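Have a look at these structures, which come just after this line.
Note that chain A is present in both complexes that follow, paired respectively with chain B and with chain C.
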Partner chain A sequence: MLRATLLVLLLFCSWTQAQQDLVVIVNKTNPTDTLSHKAVVDMFMGKYLAFPDGSMAQTYDYQKDSQIRSTFLSAITGRSISQINAYWSRVRFSGKVSPPQVFPDVMTVLDKVAHTANAIAYVPAHTVTAQVKVVYTIAQ
Partner chain B sequence: MLNKHSLITRLLFIVISAAILFALIYAKLHYSNVFDKEMQRSNNTILQIGQTVSATASIAAYLEDKDLANEVLNGLVSNDVILAAQLNGLKSVLAKSILYKTDLPVSFSLSNPFIIGEKIGAIYIEPNTIFIEQNAQAIALSSVQTLMVVIVPMLLIFAVLVYLLITQPLNNLSGQLSVINPGRGQRIAIPKTHKHSEIGTISNNINKLLSRTETLFMQERNLRQEIELFEKRFRLMFEKSSSPTLLVKERGDILLINEAAQDLLIGLGLDLEERFPDALGKACKTPDILYTFTSNSVNQKQVMQSEFEFCNQLTQETVWLNIIIINTESDDQWYLQVFISDITMKKVMISQLKQKAQYDRLTGLNNRYGAELILLEWLDQQRPFSLILLDLDEFKPINDIHGHNAGDAMLQHIAEQLKLNVREDDLICRWGGDEFLIALANISNQETKDIATNLTNVISTPLNYTKADQVHTLVVSASLGIACHPQHTTSLKALVECADVAMYTIKRTSKNNFAFYQI
Partner chain C sequence: MRILAALLLSTHLTAECSTLNLDGFANLSLTTSSSETAKIRHLISQPHGVRDNEIGLYNSSIGMQLEWQHSARWQTVVQAVIKDQEKHGLDTLAQLAFIRFMPSANWTLRAGRTGLDLFMMTEYRDIGYSFTHEHLPTEFYAIIPHQNIDGIDVRYKTPTSLGLLGLHAFIGRSTAPIVSDDNFYWDAELANIKGLTLNLDRHNWSFRINYTQSKSGNENEQQKQLKEAISQVPVQIWPNQAQLTDSLNIVGKQFNYGALGVRYDNAVWLVQSELSYINSNSEVLNHLRSGYVSVGKRFNEHTLMATASIAKSNNQVPEPPLVSNPELDYLYQSIIRHTNFYLIDQNTLSFTWRMELNNTVALKVQIDHTSVQQLPSAFYLHKPSLNPDNDFNTLGVSLNWVF
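Showing the complex of A and B:
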């Protein structure tokens, strides 16, 4: 009984940990040190594909059905993932704005960001390496 | 039936006008009501459309995507209720329709799809008022049409009913009235269905009026007949009267003249066309008196009567007319009633009677009465004259011996001799049996003496009288007494007495002589 309770508590703790851990990262050579919430939203929703200093940005994202994508996008826009998907469907139809490039997992993304100077993506906080720089942390 | 002023035409005109007016007012009110509702509905529709497109519009505004904005806008203006629209981003116009004008009435603000509460643009929409108006008009018109569909048949039914219930019975009544002649007992026939309606009441009243009128007609007719009868009688009395009568206006116009008067005036050869008394004046021997007589009557308003001598213009005979004028007033107008009667016969008779009364039949001389009348007149005139009383001597033996015829012949002979031996103006009178009276006016004593001498001579001249083929010589003489007026006396009786006294002095003495009265 106690063990079962502890297990549930543990699982809960680990989930919340995962929630808190999402951060927006860029290449460590990127001059940008921090991004505002609005800038993060605009960059990931396709409005601006540039950093505040004017340099072009390359946005990376995950598969459509991935948990991290849902968590991240819902967290920054306050919209459900289905609303966001509908948005992208509509925007893609008009053809002006392209959605971010998609990668299958966090490691690939980290690697991609580490090797691309103008890249921007999001990863769980505990996976952050020295090759990347955290510019935005999702505040809970 | 349907003339411009007939009741049904007027009624229909008024009712149709009222219906049209009513329909117009209804249409107007209904239209504005429908328009408001339609406007409201359109605004709601626009709001709903706005809601529908707001998500896409927000994205377009967020991404400042003009294509997407145009797509949204095209979707908006494809709605009937939307005339024009514009989609604005935060800084610029993303899309606008052709008919877009500034300050569009309906607007929606667009918010950032990802950052709640951040305004990133707006949609402006102009409702299609013309479409809404047309819509409202169509609805209002349709309502009026529906209304008309109800009203027009009702009007038709109303018209037919009015015609059947009012116009036709009235026409029927009028038709009957037009052939009715009061006084023939005709009456209005009342239709069964209108016995108790207003038409029935009018018909009844007309029938009552006809009855009353007929009664009055009868009374009037009877009265008229009576008056005509009276008039006829009066006319008969006037026209057929044997007394000539004229009715003359005060100024002399002859208004009425009856047959007798016409006959009389025509018989006198007078013109009937002339006025009174001028018509008579021509034939009157004393026209001035006739005119004065008439004007006096007119002025004094009195009944006047007088006799006038006329000369018949055709036969030149003397005619005497008695004229009576009566002034009568009628309706403030004065009339003269002139009654004329022919009194010629009466005048002739009177003169014949006068002749008989005043003259001696045997000798043709004045008799005693006639002489007295003349002498009294002379005395009245204070005319001086000598009076000779002449008495025959030895006359009685002629009557006794030869008979009365011989006496009469002797008297006639003496009368002739007297006439031959006095002046023309002197008066000779058979005073009594064998007495004669001679009056010599304005004469001297000497002349009287001469005449008296002469008379004694001629009387004493013998007269041959033939009786049974035997000639007899008759001899008389006369005794004369003379009295003079005014020397001897002034009364007739006294003069005769004086002459008598003088005569007797001769009679008693010499006879066949004369003597003056001696005072």
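Showing the complex of A and C:
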């Protein structure tokens, strides 16, 4: 009985964890299978927009005030969203780099990545579809 | 009109292949100073300053940036900023207006009006939200009024074993106003600007080296009048008349800028420092050394930071004429005022408190204590005084936000 309860609890925890995890996704035709943490940071902070094979990446993001953006960017950089916004204001307003294209919700982002060969974005793990490929996972 | 109407409905438009983004920034900045002689300002372009406990909003500004992403490779960026300036027009309003092309992840090409990549923070000095200081260190940043360049640039980035390496080369020209006492106004042109910046980003570290050359493209009315007056004085009375005329002949004179910068930011501790060396083959700006170091620590939504900055030039006082009379004395004093414009010797100790009010708004308070060995100074405007006060405190409070 105790063993069964523990098993159910474990499965529940795993399911909850999967609900909270964020994953970085690319188009399923993209040859990239995994990305390093540094490559993810470089792409989503506008530092270096390239996949490991050197091809150019197109980053997709969410609105500035969205919770998923704050969670993701803070998780990969270890910085507060205020610090990240200050960084992006330096990059954006000095005209060095374009910020990622912004979309209103996860479903739209999934659809855009599924239809854009060089796209990269992040979504909650439990929303991933067969049309996209996971290349990096952030466990919350 | 259709674009304008659409912008009113949404700041982010997404079409099948392109995006139009409208973003902005604003700084509401209040400044007061105990200085009795120097009117405090943060850039030599500013026509206003505060002294004797006056309160001024002259460091406030507002800007908008429109960015049209035609595709992942092509973008057009236009940025307009309204701030304290002597003259307002399309040319002074437009901070950025360029087309950007990214043929690959490594290369970026831009043509048009771009930011001048002279020092670490020159390109975003108007965006108060983007840096911790309430205002950039006066000793380092106030002397160069030029913030943008009309020309072309190329940027190359590549990951290396040392970190992300970046090379930025730019050429073009730039104009910016210099404002001083007695209604002095000069729209100073830097022609034939050629610059190269090397960047290395590694973990929490960022290193930067820049070298830029330019030539003075024009001269002001005061220089013309002085040269004309000097030419009337016989060589027997003023033996170094020819050298003096040549030193005032600024058109075509070369100006060189060199800068080293380092930044460390591990999300809790922040250290940033820059050193610069500016020289020219003109007596107007012989050479100027400046530097600053800032050390800050973050406590959740609060950042406390201390900054020490220094600037020192070695401009030479020209030899006087061999004969003294009221006209020659007046001419000599006028020349000294002119050649001493960049005679700078001062330092400032600053303490800054930055508080994040929310994710896009910050409140900053900064107290500066400045010791000046030379007044008048190019940095400031002045109340005429035979006994200038050489130590003063300045308080700056600003609300900065991005939207």
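Please note the rule applied: the second predicted complex is superposed on the first by the 118 of 140 C-alpha atoms of A that agree within 3 Å, B and C clash if a C-alpha of one lies under 4 Å from a C-alpha of the other, contacts with A are read in each partner's own complex, and residues count from 1 in each chain.
Everything below uses one rule, namely that contacts are C-beta pairs under 8 Å (C-beta built on N, C-alpha and C of every residue); 3 or more make two chains touch, one makes a residue touch a chain.
Source: prediction; values computed, not measured.
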item: Chain A as common anchor, with chain B and chain C clashing or fitting; value: clash
item: Partner chain(s) touched by A:101 [first = chain B, second = chain C, both, neither]; value: second
item: Chain B versus chain C as contact partner of A:90, first or second or both or neither; value: both
item: Contacts of A:41 with chain B and chain C, given as first, second, both or neither; value: first
item: Chain B versus chain C as contact partner of A:65, first or second or both or neither; value: second
item: First (chain B), second (chain C), both or neither touched by A:76; value: first
item: First, second, both or neither for A:53, with chain B first and chain C second; value: neither
item: More chain A residues in contact - chain B or chain C; value: C
item: Segment of chain B intruding into chain C (one of 109-117, 145-153 or 163-171); value: 109-117
item: Interface residues of chain A shared between complexes with chain B and chain C; value: 47, 77-79, 87, 90, 94-96
item: In the complex with chain A, residue positions of chain C that touch it; value: 12, 14, 19, 21, 23, 25, 63, 65, 67, 69, 72-73, 75, 77, 79, 96, 98, 100, 102, 104-106, 110, 114-115, 123-124, 126-127, 129-131, 155, 157, 159, 164, 201, 267, 298, 301, 356, 359-360, 362, 402
item: Interface residues, chain A side, partner chain C - complex; value: 42, 47-50, 54-58, 63-65, 70, 77-83, 85-87, 89-90, 92-96, 98-99, 101-103, 118
item: Chain A to chain B touching residues, read off their complex; value: 37-38, 41, 45-47, 76-79, 87, 90-91, 94-97
item: Sites on chain B touched by chain A in the complex; value: 56, 59, 62-63, 65, 67-68, 71, 113-116
